[in-house]
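Two complexes, one shared chain (chain A), two partners (chain B, chain C).
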Partner chain A sequence: MFGLFFLFPLYAMADFSTRNLIAGGRTWRAWANLFADQALYQAIVVSLLLAVFTVAAMLVLLVPTMIWVRLRAPWAKGLVEFMCLLPLTIPALVIVVGLRNVYLWVTYFLGESALTLTFVYVVIVLPFAYRAIDAALSAIDLQTLSEAARSLGAGWLTTITRVVVPNIWSGILSAAFISIAVVLGEFTIASLSGYETLQVQIVLIGKSDGPTSVAASLATLLFGFVLLLILSLVTRGRRNVGVTV
Partner chain B sequence: MSVGTNGVGVQLDELTRVYGTTRALDGFTLHIEPGELVALLGPSGCGKTTALRILAGLDEATSGTVAVGGVDVSKVPANKRDMGMVFQAYSLFPHLTVLDNVAFGLKMRGKAKRDRLSRAADMLELVGLGELGGRYAKELSGGQQQRVALARALAIRPRVLLLDEPLSALDAKVRTQLRDEIRRVQLEVGTTTLFVTHDQEEALAVADRVGVMNEGRLEQLAAPADLYANPATPFVAEFVGLNNKVPATVSGGSASLLGVSVAALPGSVDGAGVAMVRPESVTVTADPAGASTVSSVSFLGAISRVHIMVPDGSTVSAQMASSAARGFAPGDPVTVGIEPRGVLVTRP
Partner chain C sequence: MSLARRLRDSLPLLPFLTVVVIFLIIPTATVVVGSVYTDGVFSLDRIEALFTGTALSALLDSVLLSGATALLGAVFGAVMAWLIVSSPSTSMVRRAVLSLCSVLAQFGGVALAFAFLATVGLNGVLTLWVQQVFGFNLAGSGWLYSLSGLILVYTYFQIPLMVIVFVPALEGLREQWREAAVSLGASTWAYWREVAIPLLTPAFLGSALLLFANAFAAYATAAALVSQGSPILPLLIRASLVSEVVLGQAGFAYALALEMIVVVAVVMAAYNLLVRRSSRWLS
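Let's turn to the complex of A and B:
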C-alpha cells in the first residue's frame, strides 16, 4: 500500500511526460528536450557540477574537522555540532538576504558563475552530512585505531586516509549522496539569487512546456533513487569486503 | 626466522603530567635495562597508563624527559619513535585482513610488499596464528585479536614494546595463556618491554622487575620475589598480596605479635604499630587448649584460607594447602603462629 502511494505520483509523471498533448498517443519529445533544449541542458550540467563541487568541498571541510575535534578537541564537539545544524533552523530566504553582502565579494573575485552557489550549498548540506559522518565515527573506536596507526609509524594524513576513512566509508557515502540529493532539489536560494540551476529551469519551462518540465523533475527523482540504491548496495558490500594493504 | 631486536635502555626522568588540577604523574622516574620486561602495577588512576602513553609519544609530559637508547625523544612524535604498542581495547583495523594488519607498520616504513607479507606471516607464526592471516578482526576471538595485535607490534622490530593492559578484556583462562605467551615471545625477541597492569598476579608472573605506582609516583621497583617479600612501603605491602593487619610492637629491630617475635623489615616504625603479615606466613595448629578459634574456611581450589579469631577479637587469615585445611572447621580451638620471616610494621 505504501509502495503504491509512493509510486503512483511517479507513474503519473511518467505518463504525463510521455503524452502527446496535441496529436494524442505517446511521444519521447519531452525526454529528448532534456538534451536538445540548450538552456535546460546547461542547467543540468550546472546542477551536476554544483553537486560534485559541493560534495568535494563538504568532505574536505567536514571529515578532517570532525576527526580532529573527536581526537584533539572533544570540548569543541558541541560547538561544531551546533554550527553544523544551524542551517536547518534558518529559512532559505533569510540565508539569501544574509549572504547578499558576502556574495558581492564572491562575485567580485570569482565572477557571476552559478557555480559560486557551491559556497552556500556547502553550508546548506552541513546538517545532513554532519549527522551521517557523526554516526559513522561513533561506530568505531577512533581514538584507539588512530593511536594504533600512529604507533605503527603512520602520520596524521596517512592515519586519516588509510585507517579512519576506510572505516567510516559508509557514513561518507551517505553524506555525499544526501548532499547530492539536497543540491539537486534546491530551488529557493538559486532562484532568489538569480542563477539558472536545474530546479529554476524546471519552473521556467513548466510555464510553457509542461511535459518537458515534468520529465526533468522525474529524471532528477530517478537520479536520486539510483544514488540511494548505489549507497545501499555499496555499504552492504563493504560489510564483507576488506581492502588490501 | 629472525624475530629478534636489540634491546635498548629506557629512561623516564622526573616526569610530571598535570591535567587541570590533577597531577597524573608527579616526578615519576623509571629506568629500564635493555631487553628487560618491567611491569608497572598500581590501582586505577595511579598514572601508570599516562607514563606509558608519554613513553609512546601519545601524550606529552608537562615536565621531565624521556630517553630511549640514551637519546632524548621527548619531542619526537609517536609515529617516529619506533615503538610497538598493544592496547587495552581491541585495536585491529577492521577493514584489513589479519595479515594486512600485521604488515601495516612495515608498509608505513616503505618495505616491499613481498618482504612485509613474509615478515607478517612469520610474526603470525610466532604468536601461533599462522593459519588465520586471511581473516578479519570481527572473525577472531578476543584472545586471538590481542595475539594479532602483539604480532603487529613486533613486526616493525620496535625498539621498545609497550603493553597497555592487553589482557584486561579477556576471560581468566585466556588471560593466563596469553600472559605466558607474551613472556615467551618477549624472551624470544629480547625487546625492552613496559607492561602496564592493575593485576598483581599478572605483573609478578611476567616481569623481570615490577614497579608499584601510587598517586603518580613509583613507590618501589624490584624483582617480583623481592617486592613480595620485602615491600618498601605500607602501600606496596597492602597492594601486592593479601595482608593481615596485626597489632605489633617493635623494639631493637624485632617485632612482637601474636605472642611470637620476628624480624622487623627496614622501614618499620619503632614502638606500637600494625604488622603486615602475609596469609601464607601465618601458621595454624589444632590445639584443644588454644586461645584462638576458627571462624570460617574458604576453599579456593588447590589452596584454602582459614579465618581465625584471635584473643584480641581481631581476625587473621592463614593460607594453606586445601588438604591441610580439611582438618579445620568453624569453632575449632587453635594456636596461631608466624613464620620467622620479616614483617613490615607501620603506624596504626
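Let's turn to the complex of A and C:
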C-alpha cells in the first residue's frame, strides 16, 4: 500500500516525462532539454555552483567554530547550538520577507548575482550541518588530539586541518551531502528574491512545457536520493544518517 | 577566568556569529519591527488587519491544511515506521526506504508538485488511465489546485517526515522491556497497551506537532502548484510581497510573517517539551 502511494507518482513522472504528447509513443526530448534548453542549463549550473560555495562557506565557518567552542569556549556551546538550530523555528519564508534591507547592502557591495544567495543558504543548512558535525566531534577525544598536536608544535590551523578534520571526516561528508541536497532543492528564498536557480526555472518552464519540468523534478529527486543513499552506506553502523529534523 | 581572556577566547566565534546575526537575526527582527512600525510610527494597524477577511481565512485554511496533514502523516507515518523498524537495520531495502523518505520529506518541494501534476493533473498518467477504464475525469474541476489537492500533496511529504522522526523513538523501545512484560505473563496486546503505547505517546504527539509546524511553514510545494490566488498563509505572504498593495497596505507581509513566526514558535515550544519528556525513556 505504502509502496504504491509513494512509488506511483514517481513512476508517473518517469512516464509523463517520456511521453510524446502530440504524436503518441515515447520520446527523450524532455530529458534532452535539461541540457539543450539554455535557461534551464544555466539554472542548473547556477544551482550547482551555489551548492559548492555553500558547502565551502559552511565548512569554513562552522568546523573551526565548533572545535573552538569545545576546546576553549565551552560557555558558548549553548549559544552556538541555539543559533544553529534556530532556522528550524524561523521558516525560510520569514527570512526572505525580512531580507530586503540586508540584500540591498549585499548587492551594493558584491553586485547583483544569484551567487550572493550563498550567505542565506549557509544559514539555512546550519541545523543539518551542525547535527552531523556535532555527532562526529562527540565521537572523538578532541581534547587529547589537539593537545597532542599542539604540544608537538602545530599551530591551530595545522591542528584543525591535519589532525581534527581527518578524524571527523564522516561528519563533514554528511554535512556536505545534506547541504548539497538542501541547496539544490531550495525554492522559497531564490524565487522570492528573484534569482533564477534550478527550482525557480523548473516552475517557470512548467507553465509552458510540462514534461521538461517533470523530467527536471524527477532528476533532482533521484540525485538527492542517490546522494543520501551513498551517505547511509558510507556512515554505515551509525544509527542515524544525521538527516533528522 | 579573567574578562580579557574570555574576550580573547570569544574572538574566533565572531565570523560565525556575524553571519548568523546578519542573515538570520536581522531579517527576523526586521519582520517583528516592521509589523508594528509604519514609517517610524508605532501602530497596531497591521496586526489588527491580520484578523480580518482574507488574512483570517488564509490563516484558518493554513491551520486546517496543517492539522489535517499532520494527523494523516502522523498516523500513517507511525505505521510505516513500525514496518521499517521490524526489518533488519542493515538491509538495503531499509536504507533505500529511509533515504527516499528524507528526500521526499525535506528536499522535495517543487518536485512534489510536479509529481502530482504528472499523476492526477489534467494530462496525468492516472487521470488518463481512469478516463480510459472508467470514463470519468479524475482531474475534473481542478481540485488539485485547491485545499483538498494541497492536503493530498502535503501528505506525500508528511508521512516520510513522520517516518524519519519516529523511527528513532521506535528503536528506543528496548527488547528487554517486552521480554520483561511477557515473562510477567503479559500478552502482546497487553504489552502494547500497558508499556509500548504509554512510552511512545509523548514522542508521537511531539512528532505530530513537528509535522504541523512543517506543513504550516512550507511554501515551495504550494507555490509551484497554485500559481494564482492565495488560499493559505504562505501564498498570501507571497501575494503581499509581490504586489505590496494587498488590502491597500504596504508592508503587510511583515505582519503575516510575524503571524507565521508566532504560530511556528508556539508549536515548536510544545514540541520541545514533549521531546524532553519522551527522551527520559527513549534515548
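Following the convention adopted for this analysis, the second predicted complex is superposed on the first by the 221 of 245 C-alpha atoms of A that agree within 3 Å, B and C clash if a C-alpha of one lies under 4 Å from a C-alpha of the other, contacts with A are read in each partner's own complex, and residues count from 1 in each chain.
Following the convention adopted for this analysis, a residue touches a chain if its C-beta (ideal position, glycine included) is under 8 Å from a C-beta of that chain, and two chains touch if they have at least 3 such contacts.
No experiment lies behind these values; they were computed from the predicted model shown.
Return fit or clash for chain B versus chain C, each positioned on chain A through the superposition.
fit
Regarding the shared-chain residue A:Thr158, is it in contact with chain B (first), chain C (second), both, or neither?
It touches chain B, and chain C stays clear.
Just chain B (first), just chain C (second), both, or neither: which does A:Ile140 touch?
first
Of the two partners chain B and chain C, which one touches more residues belonging to chain A?
C
Figure out whether A:Leu110 sits in contact with chain B (first) or chain C (second), or with both, or with neither.
Neither partner.
Quick one: classify A:Leu99 as touching chain B (first), chain C (second), both or neither.
Only chain C; A:Leu99 stays clear of chain B.
Thinking of the overlay built on chain A, is A:Ala36 touched by chain B (first), by chain C (second), by both, or by neither?
neither
Quick one: classify A:Asp15 as touching chain B (first), chain C (second), both or neither.
The answer is second: A:Asp15 touches chain C but not chain B.
Kindly classify A:Val122 by the partners it touches after superposition: chain B alone (first), chain C alone (second), both, or neither?
second
Between chain B and chain C, what minimal C-alpha to C-alpha distance in angstrom results from the superposition?
6
Which chain A residues lie in the overlap of the chain B contact set and the chain C contact set?
The overlap between the chain B and chain C interfaces on chain A comprises residues 243-245.
List the residues on chain C that touch chain A in their complex, please.
Within the complex, chain C contacts chain A at residues 9-10, 12-13, 15-17, 19-20, 22-24, 26-31, 34, 76, 80, 83, 89-90, 95-96, 98-100, 102-104, 106-112, 114-119, 121, 123-126, 156, 159-161, 164-165, 168, 171, 210, 214, 217, 219-220, 223-224, 227, 234, 237-238, 241, 253-254, 256-257, 260-261, 264-265, 268.
Going by the contact rule set out above, which residues of chain A touch chain B in the complex?
140-141, 144-145, 147-155, 158, 163, 166-167, 169, 242-245
Residues of chain B touching chain A in their complex?
56-58, 77-85, 87, 89-91, 93-97, 100, 103-105, 107-109, 116, 136, 149, 152-153, 156, 162
Within the complex, which stretch of chain A touches chain C?
Against chain C, chain A makes touches at 2, 5-6, 8-13, 15-17, 21, 61-62, 64-65, 68-69, 72-73, 76, 80, 83, 86-102, 119-120, 122-123, 126, 181-182, 184-188, 191-192, 199, 202-203, 206-207, 210, 213-214, 217-218, 220-221, 224-225, 228-229, 231-233, 236, 239-241, 243-245.
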